[in-house]
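Per-chain residue numbering starts at 1, and chain names A, B, C and D are given in the order in which the chains are listed.
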Amino acid sequence: MERILFYLLALNMISFAIAAVSTRKMLRSVIYLLFVLVGVAGIFFLIDYNFLAAIQLTVYAGGIIVLIIFSVLLVHHIELKLEMAKPKRQIATVIACLLGIGLFLTTIYSYHFNVVENNLTTTTSDIGSKLLSYGEGGFILPFEVISVLLLAAMIGAIIIAKGKKLNPKTHT
Amino acid sequence: MDILSLFILVPIISITVLLFTKNLRQARITAMIGSIIQLSMAINLVFSYFKERAVNDSLMVFTKDIVWFAPFNIHYSVGVDGISVALLLLTSIVVLAGVFISWKMFDLPKEFFISLIVLSIGVYGFFISMDLFTMFVFFEIAVIPMYLLIGIWGSGPREFSAMKLTLMLMGASAILLIGILGIYFNSDADGGALTFNILEIAKVNIPIEAQKLFFPLTFVGFAVIGALFPFHTWSPDGHASAPTAVSMLHAGVLMKLGGYGVFRVAMYLLPEGAKEWSWIFIILSVIGVVYGAFSAIKQTDLKYINAYSSVSHLGLVLFALLMLNKTAWNGAIIQSLSHGFMTALFFALIGMIYERTHTRNIAELGGLLKVIPFISTIYVIAGLASLGLPGFSGFVAEMNIFVGAFQNDSLFVRIATILSVTVIVITAVYILRVVGIMLMGPVKNVAYLKLERVTWFEKLGILLLLVPIVGIGVAPLWISNMILESLQPFIQGLL
Amino acid sequence: MNISYIILIPAIPLVVFLLLGIFNQRIKPSVSGYVGVFGLLASALMSIYAAYQYFFVSGNVDGVFQTFSQKTVWMNFTDSLHIDMGILIDPISVMMLIVVSVVSLMVHIYSRGYMKGDDGYTKFFAFLSLFTFSMFGLVLATNLFQIYIFWELVGVSSYLLIGYYYTKTSAIAAAKKAFVVTRFADFGFLIGILIVGYYTGTFDFETLNNPEGSAILNWASSSFMGLSALTWALILIFMGGAGKSAMFPLHIWLPDAMEGPTPVSALIHAATMVVAGIFLVARLFPMYYFVDNGFVLNIVTYVGAFSALFAAIIAITQTDIKRVLAFSTMSQLGYMMLALGVSGYDGHEGVGFMASMFHLFTHAMFKALLFLGAGSVIHAVHSNYLKDMGGLRKYMPITNTTFLIAALAISGVPPFAGFWSKDEILVAAFEQDKLIYFVGVFVAGLTAFYMFRIYFGIFWGKDNTYEHTPKESPLSMTFPLLVLAFLSMTVGFIPFSEFISPNKVGFEAHLNYPLAAVATVVGLIGIALAWVFYKKENSLADKWAIGFGMFYKWTSNKFYFDEIYMFVAKKIFFKRVSEPIAKFDRKYVDGTMVGIGNTTVGTSKKIKGLQSGRVQDYAFAFIAGAVVIGLVFIYFWT
Amino acid sequence: MIEGISIYDVLTLTTILFFIGVYGFLTRKNLISILISVEMILNASVVNFVIINKYLYPDILQGVIFSIFIIAVAAAETALAVAIIINLYRQISSVEVKDTEVMKY
């Protein structure tokens, strides 16, 4: 059952991913991405990382996608078709990517992973205490840094997006 | 201060003074005074050399050695023998003549004379250095101002020519540097320390394999500036674009660095390599000799004619150097001198003609003998000197080269010699062609009838160059003895 | 014998040259003429005094003429090879001194009248002095290299003088041609000298010419293509001589050299330039004779004989009187060469050598006279062409008489000078080779014919009407004519064989009556024919010319040799060698170098394009590169 | 652990996802599309972190926590990127890559 679910998810993700990078409609591309992200969340559910899946859904599928959609709507004319790279370039990229996939997979498959059979469930509180612990193996410092980073990013985003006031004189 | 370092110091002082000059008059007078001091120093050097030689029979005299960069054993090491003395004299005369010829250099006179003198520093330094590295540094100093001089004060496609010239010479320098480093890193073959000093390296038996490897590099590196076929093509364009004085210095002096370097570095330090490779360079130089002469026949631009004739004449220098015997080497050095004076004279005259008629195309000129008799007469004389008429220096040089080359009794060298002797005919053809078309015949352009007569500074410049040509040609014994004496140790090193 | 004063003989013309040359603009023409003439007069007097001293006072010791020399080293080549400068006095050099100085003096005197009013009067005298100086140096040379040096100077002086009218295109071309052709010959000469220097270790004439000396004894030192090296050297040296002496096939410059002023032609043709070749062979005669048993002398003989015949035939058809004289010079030079070629060495066998020198001597006198006479005529009628002349005997009596004397002399009519020397040549040829002898006799007849053809054409024939009535030339011009006429009549009586012989021992030469009679008769037949054809204006000559048809056309075009040479020079050397080389240089050699530069620039442009500034391109390169590197690693690790 | 699914399967999936993202990044000409591709790449790596954590080291949480960080950084990055894109659009009225080549060379 889980196995079938995984394959479905995988198929879903790959096809939507391909669709996302090859469609010529901007908004569709964003929506396809959304499906991919949801698929990722599904994988998290499958391996029992529910909290992570929730974050994935809220932050990614909820936040980022909405952000991107807004920006698309702001800066893009929806009826326009996206310009694609030259066919030569596309083929070269495809070849490079296939080679890369091959390379990765040979490496992965030639490596023996020491898989530990388990069925542990990770609770949100585990994650929370780990994140906020300042003892050995605690992540309080990165956590704080990320917080500051987010703040900075927020302020930065506002400033950049706000831009300069258009000078009416030069505008006309 | 020793007598040789003054040759570098005085130009530096001239440059310093030139920096403070305000106009053409001051600049040219400063440059003239500086060059006259140089010339008198060179003449003085000739006499002191003879005096010193009488009591001192070491290879180089007036030596001076200061450590410059100890870790690599680089020294500022100077010294002269008869050959360098002769070439120093040549340089100082040509530089002074060049200053006279540039008497009316209205564009940026200060900068022009400064570049000219920087160039001369490089040349002087090159001729007095006994340290390979110092020599190389001076070589570069001589080449760089050329770019500015042609690029700024030149005519025609000057940027292109300047770029071509500089790049080709720089390329040659790169090859040369490998050669020099090769010599340097083999200079401890006998167990001594690594050294750049020529005299010390000469005592070392550099391994034959290394000699074979580095001789071509060193030879080609120097020979490019000596216009070795097929690396001569920078010279016609460079000459054609350069202003008069620069052409003079370039053909008269700078191209001599090639022959001198080949002789002093390639031949002296790598004799086994020279024996090994001489055949290929003999072929190239003979091609250069004949080919340059034939090309000159068909040119219509005076400067091109002269540039190709330089290829031919300097081909003879390289050819003679490859003969590896005293007579031919003597001829090579005298040919260097003689060619230096002659081409400088030619370019000076071409410059004067160009200044008056505003063309260098011989087809447009005609009957100049009637309108500017002095310049034309000297042109005829220079032409006769160039085609090797007895009584002028070219004859002495060529005969030494031919007799020397004939001492070599392999059939290959014989044939090469006979082929290069043919230039006496071909040279006659192209010289007389120019004389016939340009100087003789009816006056082609009425405007020429009002050409300005020769001025005093032009006359002075011309005579300065003509005197040594005739001097060497009429009484070659003193200079040939001076050179032969200095060649003795080189020949011994070779055997 | 004290010979140090002889150095003054060449030195005076040199000083005169330098004086007139340097102060060209500041000397008044009248003064410069006198300077030239008196300078040469001094030289001439000294030459005569030297000859007297040598031949009659101190030169002859026990019947052998001694060789005196004085020299100093001028330049060192190797320990043994060096160029000396000095003077060598022996019979032929003393004789040449007289020839050169006397003829040159006459030409100088003559030029004062002939060149009057010319722009370059001073320059002209300067060049004449240079020419004379070079020739003196040449005849006095002590070694091969010295002779080469002056040889070249002679060449350049002739260049300057032939191109004297430098605004005339034909004169420029002629001067250039003369110089280049002789220079080409000198190429051979120089290589010959180099070979001699290498194999014998010396350039010195005394060593080279010594029959017991090392040079001659060891001649067979090395061989090349069947002949010894020295034989090749002598052939090449003869090539040099042939070039200067206008032997076939290097004769083409000679007729054109007529573009110079007439006195110059006289000087070139009589005393200086052209006899240099003869002198060179004579100077090296012992070598020519002993090396390879005189193999090279055969070449000399045949070249000489052929040139004599060839030139004589051409001379018949030329209409420019100076050209006729030019070809006659070539023909006479052929005679001299021929005589040298058939000569032996000892005693009476050396008659050919003696005859050659004798002919050189007499020829100098009458040929100078002919040219100066022709100059006088040209001066009067302002044309070189026979068609513009005729009946001039009434206007120019002195010129007429002297020209007649000269014509008789060259035709070999006794007792004029040419008879004696030509007779000796024919004797020598007869003894050696009958074929050569017949050629000689035939040429003698032709010579008489064409000389009298122009003589009658100028002074008799049709009575031309002249725009300006021709006058006799001034005294400065007729005086030399008279002197030379006197000499042409008398010098034949000098017993030359007592003074000049190959081994420097005088001998008795007798007139061979039968041979002399034959030669004289042939000469007279030639004159008679000319009388019939040209004495009165008639159409006989034209009919004959038509009779010869093709041959006549060929002859009057000098057998198209000029055209052949022009073809070789212009079409082959200029078009096929020079131009392609010049183009090749620009296109390929230079093209390669520029190409290297352009390739660099081009490559840099391409590389610059790679650095596009587009992050995607970089990312692509990065990923593709990473993938490739990864693949390589995997490939090599497994 | 997913029943019957080995780590290899999951890694294969993420690899493919990653390279699809790379492909998009290299071929798309629009800034927003590129941003989308970048998100895809990030997601592939996030999955890797988590999967490796789960399969190989189930008793520690490093992978999970890093994933959270990555998601946070991705969010920040997207916010900034969108800000830049909007700003750019205001300046040059375009978000095509080819129009932003002023800084080239």
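Rule of thumb we're sticking to: a contact is a pair of C-beta atoms (placed from the backbone, for glycine too) under 8 Å apart; a residue touches a chain by one contact, two chains touch by 3 or more.
Everything quoted here is computed from the prediction, not taken from an experiment.
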For the chain pairs B-C and A-D, which is connected through the larger number of C-beta pairs in contact? A-D
Taking each chain's centre as the mean of its Cα atoms, which chain lies farthest from subunit C? A
Geometric centre distance via CA averages, subunit D-subunit A, whole Å: 5
How big is the gap, in whole Å, between where the Cα atoms of subunit B centre and where those of subunit C centre? 37
Between subunit A and subunit B, what's the gap in Å when you average each chain's C-alpha atoms? 73
Rounded to a whole Å, what is the gap between the Cα centroids of subunit C and subunit D? 98
Could you list the positions in subunit C whose residues touch two or more of the other chains? 620, 623
Counting only residues that touch at least two other chains, what does the list for subunit D look like? 22, 26-27
So what shape is it, when you link every pair of chains that touch: line, ring, star, complete or other? other
Listing every touching pair of chains gives A-C, A-D, B-C, C-D
If you look only at subunit C, which of its residues touch subunit B in the complex? 73-78, 81, 83, 145, 148-150, 152-153, 156, 159, 163, 166-167, 169, 171-173, 175-176, 179-180, 183-184, 186-187, 190-191, 194-195, 197-198, 573-574, 577-579, 581-582, 585, 589-590, 592-594, 597
For a test of understanding, state which residues of subunit B touch subunit C in their complex under the given definition. 163-164, 167-168, 229-234, 236-237, 291, 294-295, 297-299, 308, 326-327, 367, 369-370, 384, 387-391, 395-396, 399-400, 402-404, 406-407, 409, 417-418, 421-422, 424-425, 428-429, 432-433, 436, 439-443, 476-477, 480-481, 484
Counting only contacts in the complex, subunit A reaches subunit D at residues 1-3, 6, 10, 13-14, 17-18, 20-22, 26, 29-30, 33, 36-37, 40, 43-44, 46-49, 51-52, 55-56, 59-60, 63-64, 67-68, 70-72, 74-76, 82-85, 89-90, 93-94, 96-98, 100-101, 104-105, 108-109, 113-120, 122, 126-127, 130-131, 137, 139, 142, 146, 149-150, 152-154, 156-161, 163
Where on subunit D does subunit C make contact in their complex? 22, 25-27, 34, 97, 101, 103-105
Residues of subunit A that touch subunit C when the two form their complex: 89, 92-93, 96-97, 99-100, 103, 106-107
